[in-house]
Amino acid sequence: MKKLISLALALVLSLSLIACGAKQDDTPQTGADTPDTTQTAEKQKLIVGFDAEFPPFGFIAADGSYDGFDLAMAEELCSRLGWDFEAVPIVWDSKDAELAAGTINCIWNGFTYTGRENDYTWSDPYVDNSIVMVVKADSGISALADLAGKSVMAQAASSAVDAINANESLKSSLKEVVELADYNTGFMELKQGSVDAIAADLGVAKFQIASNEGDYVILDEPISTEQYAIGFLKGNTELRDAVNAELLKMAEDGTMLSIAEKYVDQGLVIDSLCLVK
Amino acid sequence: MNVLTMQDVRKSFGSLEVLKGISLTVGEGEAVSVIGPSGSGKSTLLRCATLLETMDGGLLAYGNDFAATMDAEGKSVYADKAALRRIKSRFGLVFQQFNLFPHYTVLKNVTDAPLTVQRRERGEVRELALSLLEKMGLADKADAYPCQLSGGQQQRVAIARALALRPDILFFDEPTSALDPELTGEVLKVIRDLAEEKMTMVIVTHEMAFARAVSDRVIFMDGGVIVEQGDPEQVLGDPAQERTRRFLRSYQT
Amino acid sequence: MTVSAMLTLLVQGFGKSLEIFTLTLLGSLPLGLLVMFGRRSRVAPLRWLVKLFISVMRGTPLMLQLMVVYYGPFLLFDFTPPGNWRFGAVIVGFVINYAAYFAEIYRAGYESIPVGQFEAAQVLGYTGAQSFGRILLPQMIRRVLPPVTNEVITLVKDTSLASVIGTVEMFTRAKQIVASPNTPGMLALAAAGLFYYVFNYIVAFAMERAERSLAYYQ
């Protein structure tokens, strides 16, 4: 009995030690042998990883189901292809690990393509979005230059952080970049004055402004422009090709637009849908 | 037939030799007191006899049951687990610190080992326990918990607990040393009653007057050896050895 | 989202938290005892191994441990554990982490029992198992109840860490509700806080009752 226990403990222990080491190099596994995604006799399943705190692309509805423009698109796409569909709310920081582990097989959730071109296998970009700066309406800040010495919040590990980092002169003028887990916390901080501005995707920014009318404004000058696409594990072109072909059809036949119109109230910007144009 | 036989018992703790070849036999119905200065090895002797310590060398037997025999070099060779468990039923030990089980009532303290260890019949054990408590003057305390009793009462429960296993021999390790002086009398009286009933006993004690009154034989130990033993009047009244005399003198002052 | 819809969602999330809480205790309380035995084993290599295990469990964040348990099988062995591993990993991670803490609490309780209790049981002829079950365990339980209560209360709050590997329990649910369109501000988080507090109040109350029921002796 004691030997069995010690063996089990040893196993768990060595596993955790090895895995701790393995986690250091954060690169997602490359190579095409990904679990779950290969088309076998079993029905193909699209497992979409998304951030459930990222409206209008992914959020929770009053009935407890997950809703959002991207999820609605994904679900429609699966039903057209006769695939099974599953939406998995993930922790955004863990998206690479989830993808590598095969617990999801795509990231479809306002996922920024720009700057990550080589990290994933991508669909065609379907949203052209920009990272913009939101400030309080009465702050007196009207241009990026006015942010010198100010605190700016951005979602941790998000493309907004990347955009600020890429803009050297902006970054060095700021007092600090506060990275928080989600934008709701960020807007609370903005409201109480502990940050002066929020760097966010245009869609997110419009949504927040719509639900707090008149309190906030978006600066005219974007920090960067960026595009959203569906990300797949690098090398998984088979799944990408199937999804992308159907995505283009949905843009072509008006399905994308009609789905998008349902999410305008939640801040989706129709003009940003670049495949529809 | 001797109840207890110990022969050439040796025990060291590290480089310190505590028992240097002690031989001791106790006959049936005999009450033996062991006296000596602290560090003389008398407690270790008791702990070896009750299997709390493992002897380095020497033989240990209860009646015909050998707990340990000697090999050619005199080293102790212990019997197997089952034999040792059987042998444990042949002796009882009363600790200086009582060591009652605090979460059990007085009655359960007395009945638990006979029921659990010896698997005796419940009614018989309960009856015996109650009569033992009665004899200890604790009939009304059967349902009390040890923490509700005085030290003297706790020690009497401990004696009842040891007797409930119906041992052939009872060891006492300084049974009154942890007690307030006014409480020692009640415990000593119980031991004296047992001596009168011819219970076989080995008593390590500092109570010289008591040893003289109840013992059939007194053993004086010092430096890990038995210096002198014999009739209590002789050993305590007119010792043959100078070391014994010196010890007794220091005791009287 | 209406307040009643919000509360319904929160209660669902609370159900998941409660599930994590219950399964963790069911697993870790007994496992802690085994770990304690390993920690006190006479077999030196086992003792060192268990000591290392405890040290790693206590010395690294539970959040990291959950990630290792969840992603480890996929990333290291390309192995997909069967069933709902997202939840399974939460339970495994919590159980081994809490078992390590419980083992040390048990050990402190066990070693604080006077040596005379062990010796009395030995002289009376109890076997090792008998003396542990009848004499030592009851006394140990009484000694460890207050620190165990502490851990149990911490566990209630720690359940929110399950969100790190995507298990949606009450705290994650509350954050999702706050983020969803047309919701009443931070109300969901405040409600979740109240849920945690009330539940912990009940836990503390129950443990206090348990302590009192064992206070009949000293």
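For reference, chains read A, B and C in written order, and residue numbers begin at 1 within each chain.
Assume contacts are C-beta pairs under 8 Å (C-beta built on N, C-alpha and C of every residue); 3 or more make two chains touch, one makes a residue touch a chain.
This structure is a prediction, so every number in the text was calculated from the model and none was measured.
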Chain B reached from chain A - shortest hop count over touching chains: 2
Farthest chain relative to chain B (centres taken as mean CA coordinates): A
Chain closest to the middle, measuring from C-alpha centroids that were averaged per chain: C
Pair with more cross-chain C-beta pairs in contact, given A-C and B-C: A-C
Geometric centre distance via CA averages, chain B-chain A, whole Å: 78
Geometric centre distance via CA averages, chain C-chain A, whole Å: 33
Euclidean distance of C-alpha centroids - chain B vs chain C, Å: 46
Residue list for chain C, restricted to those that touch at least two other chains: none
Chain C residues touching chain A - in the complex, by the definition given at the top: 1-2, 5-6, 8-9, 12, 34-35, 37-38, 41, 43, 45-46, 49-50, 52-53, 56, 60, 64-65, 67-72, 74-76, 78, 80, 85-86, 96, 163-166, 168, 172-173, 175-182, 186
Chain C residues touching chain B - in the complex, by the definition given at the top: 114, 116-117, 119-120, 122-127, 130, 134-135, 138-139, 142, 216-218
Interface residues, chain A side, partner chain C - complex: 2, 5-6, 9-10, 12-13, 15-20, 22-23, 29, 35-36, 52-56, 59-64, 88-91, 94, 97-98, 100-103, 182-184, 188, 207, 211, 265-266
In the complex with chain C, residue positions of chain B that touch it: 50-52, 85, 88-89, 92-93, 95, 97-103, 112-113, 116-118, 145-147, 161, 165
